[in-house]
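Below you will find the structure I want to go over with you.
Which chain is which? They are A, B, C and D, in the order written, and residues in each are numbered from 1.
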Amino acid sequence: MSAVLAVEVPYWGQSLLRVLGGLVAVLLPAGTIVYLFLFKMMSFMQSRLGPMEAGPYGSLQLVAEVGKWMQKEDLAPENADRTIFKMAPLVVLVSTFLLVAVIPFGPDAYFTNFAVGVFFGLAVSSISVLGILIAGWASANKYSLLGGLRAAGQLIAYELPLVLATLGVVIQAESMNFQEIVVAQNTGAIFGFEWLGNPFIFTQFIGFLIFMIAVQAELTQAPFDMPIAESELVSGYMTEYSGFRFLIFFIAEFATAGIFALIASLLFLGGWGVPFVWFDWNSLDDVSWWMNLVGPLIMLTKMLLLTFIIMWVRFSYPRFREDQLQTFAWKVLIPLSLANIGITAILKVAV
Amino acid sequence: MTMLSDRQQLSYIASQAADARLNVELETEGMTLNIGPQHPATHGTLRIICRLDGEQVVWAEPSAGYMHRGYEKLTEVRTFPQVTTLINRIDWLGSFANEVPFILAAEKLMEIEAPPRAQVIRTILFELSRIANVSLFLGDLGVQMGAITPVFLAFRDREYVLNLIEGATGGRFHPNFDRIGGLKDDLPKGWIDETRQVMIKLQQFCDTIEDLLFGNEIFQSRMRGIGIIPADIAKSYGLSGANLRASGIDYDLRRDQELPMAWDKADWRVWTHPDGDSFARCWVRLQETRESCKIVEQLLDQIPAGPIMTKVPRIIKVPEGEAWVATENPLGEMGYYVVSKGDLGPFRVKIRSASFNNISVVPWALKGVYVPDVITILASLYFILGDIDR
Amino acid sequence: MPKVPGLIKGLGVTLGTLGKTVTEGAATVQYPHEKEAPPVRARGVIALHEGNCTACMLCARSCPDWCIYIEGHKQLAPPRRAGGKPRQVNHLDRFDIDYALCMYCGICVEVCPFDALFWSPEYEYSEPRIADLLHDKDKLGEWMETVPEAPALEAGAQSK
Amino acid sequence: MAPLSDDQATEESDTDTLALPGDGLREGIVDDLRERIGDALIDAHISPNDDLWVRVTTDGWKDTGTALKAAGFDHFCFLSAIDWMPSPYGTGEDDPDAEPKEPDTEIVQGVTGGETRLQVFARLTDLDRHVGITIKADVPDDEPLVDTWTESFAGANWHERECHEMFGIGFVGHPDLRNMYLPTDFEGHPLRKDFPLLARMVKPWPGIVDVEPMPEFDEEEKNDDQKEDESTEGESS
């Protein structure tokens, strides 16, 4: 991110900028998703208008909600393991922030450029499981415990197809670095036709589907929301949380939705880039500086598109049962993604 | 226990095994989970005590009574016209249907009958309250399984029906429109045309729910083969309404008994389903909503001209005697056993509400299922708290 | 035609509703800003036409919830015809309805032999304290203005 | 109307069953029952083409359930009890200043008679013949116990529990006679007539307050007043 600015910035300044950028990258998608999809799209899908009072068309509703949550008492159940109970939301949030660290928004607009960014991303995303599990356990509530255990089972089960679906992309791009994956997609060609680049959604369509299904499950959105399951477990691991700790869970849920959508757009939709052939670029170094400004917008658009699908499914479907969900993961998704990897690898070597 | 499905047998064996495991030392202890009294899935204050082994229910028992209002006692200090106000509130989603059997029982004791016009209007309002009730069930079904959209669509379309009921009777939820000997008032002008349009909307609503929910593969995998209640169990627990018909028993009080109502003037059919599972119960209700729309549409053309009230004395004293009248209410068979001693008020009223029997099968039906299935089975049995506790 | 999977159909329904809400508007109304007009017959609140009330107690006695409180006394009124004797009439001192107890059954309105009680569709009279729901005859009289005309009846109806 | 391509759904049963069977049917049912339970059947009452009551002995209560189930009445409708003693408290809508009326204590049983204050009654339905039957049995005054029906009808379980707490009738052989509605240590049986309804006791009836008369109120006009009242009542009836 430092390179965006022409002036030399001291190290502490760079760090500050990174932190600020990270906050924006977490909170902005979360706020947009909550307002656009949770408040407005869901309401419209249900023949109502949603919040209309706070701000024009209720656009400041989220601010009001945050204000409300901040005011509420920070309750902890009597028998709860207080330290862990209070820590749990932060653990989930940490996972979200670590995840955003590897996401590039432009040729130079990134927080860190890991060589194994994909690997890192998938690794830190599973920290949230820990947070959810300890939240469920520490609440000293049977519903929370059931929710936490379900979440652990589910998130671990769906971590696998998520990773395996990503592997297809990694094989095709021959890299685990997000920047290189983006470049590979935008410089590629479909049957010699270069104008669109080669977004991996075409070649890795099965991978994309598996990835999106697994993301849906990782985010515990319907139809995979049994860890939360309002009608059975009364919000599962979140049952006992109130005030700003609930707010943190809430933000983390939607921020993670946004970040997973960002990752999916990096892996399958060409990321921040436009097909390089449009501007006669050949490699990452050729890309003009203004892509650092346009890139985030492109990413935001793609993220909204993908979160729209995630939310659309969420508002339309009933949820699976726990055993059906596991069956689906282990008997359908994982074999399918293994087959996908095999075919990708064979084609990669053969072609 | 004949005709059990393989799954039911398996889960029963599993629950027996779980029972046995509980008694072995050094094994994990079971967990007692209180579902309710404040729980979103019980839409009211029903409490279900479940003994769990993992997520499997070993033993479950509903604990009702959080809403007991003592209507049977209260009716004894009220006059006959005052009782309708109370019994309105038994099944509060289909209030008008609650009034009808009581009024019919009183009329039977007095040996009078409502005039034909009143009979047809009664039947129309009866079916409208069924539609209002069951359409909410259809939407609520989604919420129980995590689909939040159907319930809003149900609330939207039920509103049209409630507006009709309010337009005719003045009360959205508690019409109190039935009188001994007829109805309180005639229909307001324009009501029939409005009803026709609303019936079209409600039939579209049924199609929407079928597309959105019943056709959904996830929904089907959650409902089919779950909570199977065989016919003999259903009869011995006294299930009624759609719960009974979903077990393959072709019995509908609207068709199978003679009452001074107008159901026989319309052409409709009784739906049954052979499976007896959760899906069958919900599916039968969906079809019944459509049939109700058809009944209303047909009866709207057949409202005869005439009075809506027969001659009844101003002070109603019901002659001595006992009468039992039951009708096919939205939730099932609802009946009143009215004992009169010739006074202004009834001597004793036994209220046989459908949900009380329907929910008493729960300990049997929940044995060996998973926690998520507890919710779907409860939802598919469909109860209204006021109808259990009275 | 191959069967469309229910999963796709479901997505279609929600998207269709979204489109319908955008183009045709929502089914809801934004309550404090716009209000739905309740039907003419709606049983919102009981209004009292004080001049017609003779304190005959019929409503109070037929109320299943015992929520009507009436007090009155007899007094002399000017004669009907000129030169007649002054009449004795019941004068209403108190007419309270406790809406916290009222079940909105409408029996009092029906039994009133002098057309003193009416249903009004008015519904906005909630109170923060339950005791404030006991309304006296002045308040009940104010609601008289909101009482609508009885609606015309559907064809085939026979007036009583 | 398109049913969900559910080919398993049954077609409509034949509509011939629409016609209700005649009265010979109910007589046949009583005869059949008499054959099955013998002297336990005390009385039967048939309301032609409408309804059927039988009264059985207390000892024969359980066998009646079993016999009727075997005879086709396998749908359990309800089970409850009646306290035939008139309530000593009335409706609470009396003038407290008036001379208190002697409470009517005569116990008169209803259809098919009876000998005791409490009676249990239940209703069963034959879903094939579309006919229902109400069964009554006396409950001994000194020891209110009857046998349970839970062995024949599982649904009787809850109804007997409710009946137990509301009337204080014990059901011999019932697996689990806990209270359903009331607290465990609740004393009294609310649906018995001698259990007062407190809601009607704690508050005076607003209907008794009468209009204060004028001191110089003369008889003649009082009569006029009453006439007026009567005429208005006549009009609206």
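Here is the rule we go by: a residue touches a chain if its C-beta (ideal position, glycine included) is under 8 Å from a C-beta of that chain, and two chains touch if they have at least 3 such contacts.
Keep in mind that this is a model prediction, so the values were computed, not measured.
*Asks:* Among the chains here, which has the CA centroid at the largest distance from chain B's centroid?
*Replies:* Relative to chain B, the chain whose C-alpha centre sits farthest away is A.
*Asks:* If I count C-beta pairs in contact for every pair of chains, which pair wins?
*Replies:* Per-pair contact counts point to B-D as the maximum.
*Asks:* Just by CA atoms, which chain is the most central one?
*Replies:* Of the chains present, the most centrally placed is B.
*Asks:* So, what's the distance in Å between the C-alpha centres of chain C and chain A?
*Replies:* Going by mean C-alpha positions, chain A sits 54 Å from chain C.
*Asks:* Could you give the separation in Å between the centres of chain C and chain D, each centre being the mean of its C-alpha atoms?
*Replies:* 35
*Asks:* Rounded to the nearest whole Å, what is the centre-to-centre distance of chain B and chain C, using the mean of the C-alpha atoms as each centre?
*Replies:* 29
*Asks:* Based only on mean CA positions, could you tell me how far chain A sits from chain D in angstrom?
*Replies:* Centres of chain A and chain D (C-alpha means) sit 63 Å apart.
*Asks:* At which residue positions does chain A touch at least two other chains?
*Replies:* Where chain A meets two or more other chains at a single residue, that happens at 45-48, 315-317.
*Asks:* Listing for chain D: what residues touch at least two other chains?
*Replies:* 93, 233, 236
*Asks:* Would you pick out the residues of chain B that each touch at least 2 other chains?
*Replies:* Each of 78, 149, 153, 156, 212-216, 218-219 in chain B touches at least two other chains.
*Asks:* Can you name every chain pair that touches?
*Replies:* A-B, A-C, B-C, B-D, C-D
*Asks:* Would you mind writing out the residues of chain C in touch with chain D in their complex?
*Replies:* The contact residues of chain C facing chain D are 3, 55-57, 60-61, 63, 66-76, 88, 90, 113-114.
*Asks:* For the complex, give me every residue of chain D touching chain B.
*Replies:* It is residues 1-4, 6, 8-10, 12-13, 17-18, 20, 49, 51, 53, 74-78, 80, 82-83, 86-87, 90-93, 108, 110-111, 121, 123, 127, 130, 132, 134, 152-155, 157-159, 166, 179-182, 190-191, 193, 195, 197, 199-200, 233, 236-237 of chain D that touch chain B.
*Asks:* Give every residue of chain C touching chain B within the complex, in rising order.
*Replies:* Where chain C meets chain B, its residues are 5-7, 9-10, 12-14, 17, 27, 38-43, 62, 64, 103-107, 110, 119, 151-158, 160.
*Asks:* Taking the touch rule as given, give the residues of chain A at its contact with chain B in the complex, in rising order.
*Replies:* Residue positions touching the partner: 42, 45-48, 142-143, 146, 222-223, 225-226, 229-234, 315-324.
*Asks:* Inside the complex, what are the residues of chain B that reach chain A?
*Replies:* Those residues of chain B that touch chain A are 31, 33-34, 39-41, 55, 142-149, 152-153, 156, 212-213, 216, 218-219, 221-222, 370-375.
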